[in-house]
Every structure is written in structure tokens, then in C-alpha cells.
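Here the structure is laid out as C-alpha cells; the discussion comes afterwards.
As written, the chains take the letters A, B, C, D, E and F, and residue 1 is the first residue of each chain.
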Amino acid sequence: MSIYEIIGGILILIGASFLFLGGLGIYRMPDVYNRLQAGTKATTLGAMSLILGVGVVKMEDSWTWIVKMAIIIIFIAISNPISSHALARAMYHRKRMPYIKGDPDKMDAYKDAVAEQEKAEDKKD
Amino acid sequence: MKKAIVILMLAVFGYFLAITFLDPQFEAERNRDGVKKFYLDKTVSELKTANTVTAIVVNFRGFDTLGEVTVLFLAATALGSILFKKRHHIGDRTVLLPASAIVGSGAKLIFPAITLLGVYVFVHGHLTPGGGFQGGTIIATGFLLMLIAYRDFSISHNILSVIESLAGIGFVTFGLLGFMNGGTFLQNFLGTGVLNDLLSGGVIPIIYILVGFKVAAELTGLIYTVLHEKG
Amino acid sequence: MDIIFYITIGLLSLGMIFSIIRFIKGPTAGDRTVALDTMTTLMVAGLVLLSAVFDRFIYADVALIYGVLGFIGVIVIARYLEGAL
Amino acid sequence: MDTTELIRIGVYGTSILLILIGLYAVLTKRSLIKIIIGLSIIDGGIHLLLIGIGYIKDGTAPIFSPGSENAVARMVDPVPQALVLTAIVIGFGVTAVALSLVIRLYRHHNTLKIDEIKNLKW
Amino acid sequence: MVGSPVFLIAIPLLAAFLIPLLGMVWKELVRIVPGLVLAYLTFLSATLYIDVINSDTIVETIAGWRAPWGIDLVFSPLTGFLSTIMTFMGFIVWLYSYRFKRNVEFEAAKKYFIFLMLLVAASVGIVITGDIFNQFVFIEITGISAYALTAFYTGRNSAEAAFKYLVMGSLSASALLIAIIIVYAQLGTLNMAEIAANIDNMNVEYRIIAMIFFIIGIGVEAEIFPLNGWAPDAYTEAPGPVGGAFAGIVVKAGIYAMVRMMFTLFNISGPMQILIIIGMITLIIAETSALRQDKLKRMLAYSSIGQMGLVLVAFGMGTQAGVFAALFLMLNHAIIKPMLFLSGSYLEFNTKNKYIKEITGMGKKMPVVSAIFVLGALAISGLPPFSGFWSKLSVLTAAADENMILIITLVLIISLVEIVYYFRVINRLFFFDYDLEISVEPHKPGWNGMVALFVLAGIILFIGFYPSSVTGFLDLAARDLMDTHDYINNVLQLGQSIIQ
Amino acid sequence: MNYLVFIIGFLLLVLIGAALYAVYQKDLLYAVIATGVISLALTGLFLVLQAPDVALTEAAIGVALTTIIFIITIRNTVRYEDEKDNVKK
């Protein structure tokens, strides 16, 4: 096992765990803003790390891999924040209220409120 | 009642499909080679095109591609015809609120990159996956991004239709040139170069580039038409 | 090296499953779009990983294009939800 | 049952299921957009079926990039791929025309329900 | 040789791409160029056809790869015959709609003529191609131009008809694609001649399933029974000349594709009975529906479907005489039905709801057009001495040769039904009292429309009086269709390979 | 058992699930997003089945363009399958 494979492997594993955490966060977080945090920030880092790792692993054979991986990373670095921003802004303009931390009872109230709001909002479309 | 009939029909249909495709016989009796081997050999030895799929799409079955380009052309024209209104004015899109500065500058930043990517995809169509259709689609999607981000971004329909026409004429002309030079339509009449060079494959990259321009213009026009349609 | 690929594929699949659950559960359009966005990023990573697994450099093009176009799709949905398309 | 067999049955079975699901949507759904979604699901199923036909054990893509010139025996069938390429583009053209027809029907009838658009007998 | 069969496809496509540019130079060009192209195609097709009859089938390869590998175009006595009729009818339809009232606007005219030209070109493509996937592509081109033409007028319910057509069309295209997949998976080729040569290597079970999917796939274009629901609506809602183009051009291509598939591709004992059964069901249902229609174009549409059923029955006899009769019917139908549509379109031009009762008394206001309509009606119901009589007679003789009493009775009854519903219209035209309430002002036909109608009427009368002038061609075409072996030889063995 | 079977199986399940969801969802917007998910799974499948050309086409046309055109159509018409959920503008 060469040094490239070790470094690359570690990067890939880090990336994979961040991507997994992003997916988990999407599932676990209480409201849409929090989900956005998990779903875009964590996965952006994860994807970048994983892709870099793949490039590093393949660097042993040729340099073309790392160049293309760098291009993909740059694209992800530009595009993911923009899309998450656009989504957050869309949610904000739809007057989706964020969930305020508190005791579990409020969670249900929040869910009800969101459902109510969603019903009212969607009618307008 | 109606659903029961439909499900019965689907069951019959699915049964036919299943006894065809899921039968081990289907795999055992088939003629694996057919035309495949010939294509793989000739692509390397004569056309010098790295991507066999491109060679098939543009050269061996180039007539299909001509038809395919025509389908897109027709679809774009049909869209214009179907959504045609008596007083034909391309009004303002009713953009209720402009896109934020982040989306705007991001679009500005990424738009040239997307265009470049599209150009890369169709220029390298004979070497890597992709080609005219994919590259054209990518460029058109880039234009869509600009249209969404900027409310006053507009594309001249005339320029699009000129590009589209010229590219289409170029495609057919190359086919006819093949007819004049080699005796059959769409025949390759240029030197084929060395495998995996950018300048290899004879007319294949040229035709794919023309297809790329044509598809990009068509799809951009199509998106533009639909986007400015207010129901 | 293979073991790393296995673990990674497993983690990516799990992440994908969670996004899909979120996609199905909703409850609002925004949540679903976030799930789609996450799925797009996961898929880009997965495609890159697959190109490494198959050891074909040219497959990475698919990931690149998928990333770019998926992002535009998400922006279109976001603008629609904003009511500004 | 070896791996290739498993992949083959899975891919074919799923494609058939997709075709059936799409057909079900086209035949029973009452919303015009749902019908078009059904059509595109059918298209997806058929494309998958076509790619599945070309797949072979341990195959690799039919692209002679540097380093894989000698893999001819392992290359999958390029013809179905070319056909699918054509079919995808054609399918997109049809979908675009269909959606423009939907927009026009909505303009006239102010509804997407097929039951209410019946100036002609369906 | 004046050109090659490939020009039949390439030139219209070139012109279609060129027309938007020409429109910027001079607006009238968008109307003239398609006509020139269609005239050229007619000329080219006719010249090639004469060549083919005198010498041998032309097999044109594309991209320098001969038959099993590349796509090839087969211009044989049969396909040449059909493509000549189609291009000629395309030209006539162009002539008729050259100054059609609603087409005067530039943008609309541009699109209309592009669609029309591509409709003709793609239908010719369906006929002359020798590759099943290429045929699929041409079917899709035909389909999309047909959807666009159906939805051409924004004022009517045309979008609804077009949507219906589109859903059926794309479902059937999917079925066609599945059939192509089965065939390709089993035989590893897409070339028709190669398939026909190797069809015995294919399991009979898969052959039958592939054939069923093929029939579903082509059935929409060919208007066979369960798949023709789109036809009456599309014919009614489309512009008048387009109805004629559908009946005269598109359906012919569909029927051709079907019989080529049945006769050449799938060599199963029994497909002919399938054709007869499908044809009879189509015939009976369509003709009885035509009897109940109260709109002129709808009635014509059902009549057209019925005629196609009759054509299938004749093909299904599977004998030389039967095929001959079927081709004769196709020729007659290709000329008469567009004529009925074109003249009928003038008759009902100013009516509000296009009902038959609204054209009462038109015989006195528009005597020439009405006379041409009556000529067409008499000819298509098979009354002597018009051309339709000879084709029905040949069907009857072909059936008599095979002792098919059922078919003979059916054809006679159907002819009676046709006479009944056409006389209903003729009665309205000439013998009903002029009623101020429902009667409308006539539309003054342009010179171009009248020329088109007179040419068609002349052909009908000519064939009616000298049927022997076409029987030679039909005989050759029928022999060409029957001889599978010859087709395979022609396509696959070009002699020397032209691969470098 | 190798990883290919796992990946293909997973993507096939996603495919069927998304197709069923797209058919049964009443909200057309979600159904359209589900077709985007179908395209996503198809892209992955095409790549695994060694058809990068097709995967690229599906990514370009299926994921982006088709979804976008569907959404624009929904923008121009209505969002819900059931009429009663749509409030007239």
C-alpha cells in the first residue's frame, strides 16, 4: 500500500462519513433551515474530500485524474452554496418560520404550525 | 371497475414481457456478436475514433442522427407553433422578485464555465463520452440559468435561428460532400488521423460539433419560448 | 483499497436512503428539494467513486456534468417555490 | 446463480416493472401532466431494457481511451447505446411537444383534468 | 440517373433547415421553396421509379457501409411506386394550401410548410428505408409533424385531438422500440434483409411476441382497429389539406411498414389470417361508425379507416392477386380521399360547426367543387366507371380465386354502406331545399386549389377509363412485395463490397 | 456477491420507488421531482452498466432539461392533481 493510497483512502473515508452525516442530518433535523445546513454544507465538504481522495489515490498512475478532480471540486465549491442559498431564500420568502429550540412539546406545535402554513401557502401557487 | 380492466391488461402485457425477457432461453439463444464485432473493429482500424458509440451515432448510423436532429428541430418549431398567439408579443416574464445578488453573480461566474464545458463535451465527442447532443444540452441549460438569474437577459431569436439553420445545413452539406467524394451519403472523406488525437476520425468530430451548435440553439430557443409563455 | 470502497459505497447508500426517507416524508416542498439537492451531491460523489472503481478516467465527465446540471435544476425549483420563475 | 445472471434478471425485471407502472399511470390517471410523466417513465424503462441487452460480464465501455485499447473482448455492445442515445433525444422532443399541448389545453379549458376536456369524445 | 434515393430524404431536410434563413431574405420564399422541393421530389421519385422498373432495384448505402452494417435505402418497384404517389400527393397538398386563407400570416405559413414538407419526407423515409430503427426514427418525425399540424389552428379543439394522437403515438412508439429490442437481442442486427434472412434462428415464441409489438407499434400510423381512436378527431380538427395529407400519405406509409413486416420480416405461418381478422374488424367498425357521423370530415375519416381495413383484408389473402388488389386500393385511396378532403374543406369552409346539414344547397352555390366531391364519392364507393370500381373488382376477383365467400359478401355490403352515407351528403348538396337558417356563404376557391382538384379528378377519370395504364406497375410492385428472397438478395449481396 | 450487485440492486430499488411515488403523488411538483430522482437512478445505472455516453445524455436531458420543462409547465398551469386543491388565481 503506497502513501498515495493511504492518504487518499483516509480522505475518501472522511468524505464518505461527511456525506453520510449529511444524509443523516437531512433526516434528523427539525426544520427546513437546519436541514439545509446539514444537506448542503456537510455534503459539500464530504463530496470535496471524497473527490480529492479519489484524485490522490489515482495520482500514483497519472496526473490527469487530479486535474479533473480539481475541476469537479471547483464546480461543486461554486454551485452548491448558490443552490443552498437560493433554496433558503425561497423558504424565507415563503415565510417558513424556523424552529426555535426548546422542550419537545414545542416540536409538535411547530410541526402543526408548519403544516398549517404550508396548506395556506400552497393554495396561493 | 375501469382500474380492474386496466390492471388485467397490464398483467397480460407484463406476462408477455416477462416470458420474453426473464426467460433464461432468451439469453442462451441470442446471437451475441451480430454487428457488434464489426463496429468495434472498424472503429479502430478505419475511422480511428476512440469512442465507438460516437462512431456509430455519427457514421455507421448517421442517418438516424440526421433524423434525430430533425426531431429536435421539429419539436422546437412545433412548440412555437402550438403556443402561438394571435397578437404575438414576447412580453416581459412576470418576475415577481429578482434573483438575489448571490445567484446573479454566481450565474455570471458559472455561465462561461458551463459554456466551456459544453464546448469541451462536443469537441471531444469522439474521444470521451458525450458529444453534440450532450454538449448542446449543457450550453442550453447554461442559458437557462442566465434567463432565470437575470430578468432582462434576452437572446435574439433571429441569431438562434440563423445558427440553427447554418448548423443543420452544414450537417446535410457534409453528408452531400461525402456523396460527391465517396459515392454514399455521409461517407467519411477526410483523413482519419491517429487514434485518440483531437484531430482524428475524419468528418465525425466536425459533424458532431455542428450537431452541438444546432442542438444548443434549438434547445435554447425552446426553453426561451416556454419560459416566456404565461398561461 | 477495496475495503475502503466497500465502506464508502455503504455509507453513500445509507446517506441516500436517509435523503429518500426525507424526500418521501416531506413535509414541505422545501424539504423535498433539499433532499434532492443532497441526493445530487451524493450522486456526484458516487459517480466519481464509480469511475475510480472501474478505473476509467473518462467516466468522471459524467460526474462533472451531473453536478453542474443538477445544481441548475435545484435553482429552477427554488425560483419556482419563490414564485419568481 | 452467478452475478451476471442476477444483474440481468434485476435489470430486466425492473425495466418491465417501470414500463408497467408508466402504462398504469397513462391509462388511469386523470391529470394531463401525470399522463406525460407516465410516458416518460415508460421511456426510462425501455432505455434501461435496451442498455441491459448490451451488458456483458465484466464489461467495460466501448471507448478506446489510452490504456484500454486491448479490452475489445470485454467491451459491451455499443449499438444499443447508440440507439438509446437517439431514443432519449426523441423522447425529449415528444415530451416538449406534449407539454406545450398541455399548456394550450390549460389556456382553453382552465383545467388539467381529462374528464373535463371532452369536447371530442375520448 | 438524375439522383439517388437518398436525396428524397436529404433535400427536404436541407430545405427545412434553410427555410428560416430564406424567410429572412424574402417572405414569399417560405411558401415557394417547399413546393419546389416537393415538385423536385416527385420528379426524382418518378425518374428513379422508371429506372427501377426498367433495370433493377436500387439499394443505396449510407456512410459507405453496406447493408448489414450501415443503413440502406431500398428503392424497389414497390417502394418506388409508393414514394412516387406520396411525393406527388404532397405536391398536390402543397399546391392546394399555397394560398390557404389562414396561412397568409408569415410565421404560421413558415411553420406549416416546414411541417408539411417533413411529413412527406419522413413518410417517404418510412417506405424506402431498410432498417427497422431508422424506420422508428422516421415514424417519430412523421408523428411530431403530424401532432404539430393537428394542433395548428389555435381556435378549435385541435390541441385536444393532437394530445390524444400524441399519447397513442408515443405509446405505440414504445411498443415498436420493445419489438426492436427483442429482434436485436436475438439476432444482433437491425437490417430488415438480414433479419429476414436469419429469422429462422429465432425462437417462434419470441417471433410472435415481437410481431405483436410490431403490430401495436405500427398500428397507430396504419389506423388499425383498436389504435385508430385518434384518427377521426385529428382529421376533423386539423386544417383541411392536412386531413388529405394524413389520408393520402401517412396512412400509406403505415400500411407499407405493416405489410413489409408481415411479408418479409416475420415468416410465420398464419400472419395473413391475423391481417384479415384485423382488417375485417377495422372495416366493419369504421364503416358503421361512418354511417352515424354528423360532421363531414369525421365521416370522411371513418371512411378512410374503413378503406384501410379493406386494404389489410386484401393484403391478408396473401396471394399475388390479393396484393395486387390491395395496392390498387391504396393507389385509389391515396388519390380520391385527399380529393374528398380538399373539396370537402372548401364546401364547409364558412360553416360554424362543420356539420353535414350546414352545407345544404352548396351544390348550387359551388357547382364545380360539389361536382368534384360527388365524383370522389362515387369513385370511392366503387361505382363504375370510376377508378374505385376497378380496385373493388380486383378485390372481389382475388377473393373469388381463394373461395373466400365471407370477404366477397362483406365487400359488397360495405360498398352498399358507403354508397348510403356518401349519398346522404350528395343529397344535402344538390337535392335539399335551400334553407336560409343553416346555409352559409360559400368560400371562393383560389386558382391553386382548383388546379389541384382538377388534376386529381383528371387522374381518377383517366384510371377509371384506362385501368390498364396502371395495372402493369401494380403487378410489378405486387411481385416485388411477394418475393422475399429477391429482396434479401438485392440488399445483402451488392456484389463487390464498397468498403475500402 | 460483489459490490456491483449491491449498487445495481440499490439503484433499481430507488428507481421503482421513485416511479411509484411519481405515479401516486397528488402534488404534481413532487411527482416531477420524483421523475428527476428516476433520472438520477438511471444515470447511476447506466454508468454501472458501462454506458457512460448514455449516462451523460440522461444526466443532461433527463435530470436537467426534462425536469425544468415540467416545472415551467406547472408554473404555467396548476400544481395539484385534484382540482379542489388549486385555488384559482
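Quick notes
Note that in this section a residue touches a chain if its C-beta (ideal position, glycine included) is under 8 Å from a C-beta of that chain, and two chains touch if they have at least 3 such contacts.
Everything quoted here is computed from the prediction, not taken from an experiment.
With steps allowed only between chains in touch, the distance from subunit D over to subunit E comes to 1. Of all chains in the assembly, those touching subunit B and also subunit E are D. More C-beta pairs touch across one of C-F and B-C than the other; that pair is C-F. Taking each chain's centre as the mean of its CA atoms, E is the chain most distant from subunit F. In whole angstrom, the spacing between the mean C-alpha positions of subunit A and subunit B is 31. For the pair subunit D and subunit F, the distance between mean C-alpha positions equals 11 Å. Subunit F has its Cα centroid 20 Å from the Cα centroid of subunit B. Between subunit E and subunit F the centroid-to-centroid distance comes to 38 Å (mean Cα coordinates, whole Å). Within subunit D, residues 19, 23-24, 49, 60-61, 63, 65, 79, 81, 85-86, 89-90, 92-94, 96-97, 99, 101-104, 106 each touch two or more of the remaining chains. In subunit F, the residues that touch at least two other chains are 50, 52-53, 55-57, 60-61, 64-65, 68-69, 72-77. With touch defined as above, residues shared between interfaces to two or more other chains in subunit E number as follows: 133, 137, 140, 144, 147-148, 151, 154, 159, 162, 178, 184-185, 190.
Interface residues of subunit F, counted against subunit B in their complex, comprise 52-53, 55-57, 60-61, 64-65, 68-69, 72-73, 75-77. Those residues of subunit C that touch subunit B in the complex are listed here as 58-59, 61-62, 64-65, 68-69, 72, 75-76, 79, 82-85.
Residues of subunit B touching subunit F in their complex: 51, 53-54, 121, 129-131, 133-134, 137-138, 140-141, 144, 219, 223, 226-227, 229-231. Interface of subunit B with subunit E (complex): residues 16-17, 19-20, 25-26, 29-36, 38-39, 42, 46, 59-64, 66-68, 70-71, 73-75, 77-78, 80-82, 84-86, 88, 158, 161-162, 164-166, 168-169, 171-173, 175-176, 178-179, 182-188. Within the complex formed with subunit D, the subunit E residues making contact are 133, 137, 140, 143-144, 147-148, 151, 154, 157, 159-164, 166-167, 169-171, 173-174, 177-178, 180-181, 184-185, 190, 233, 236-237.
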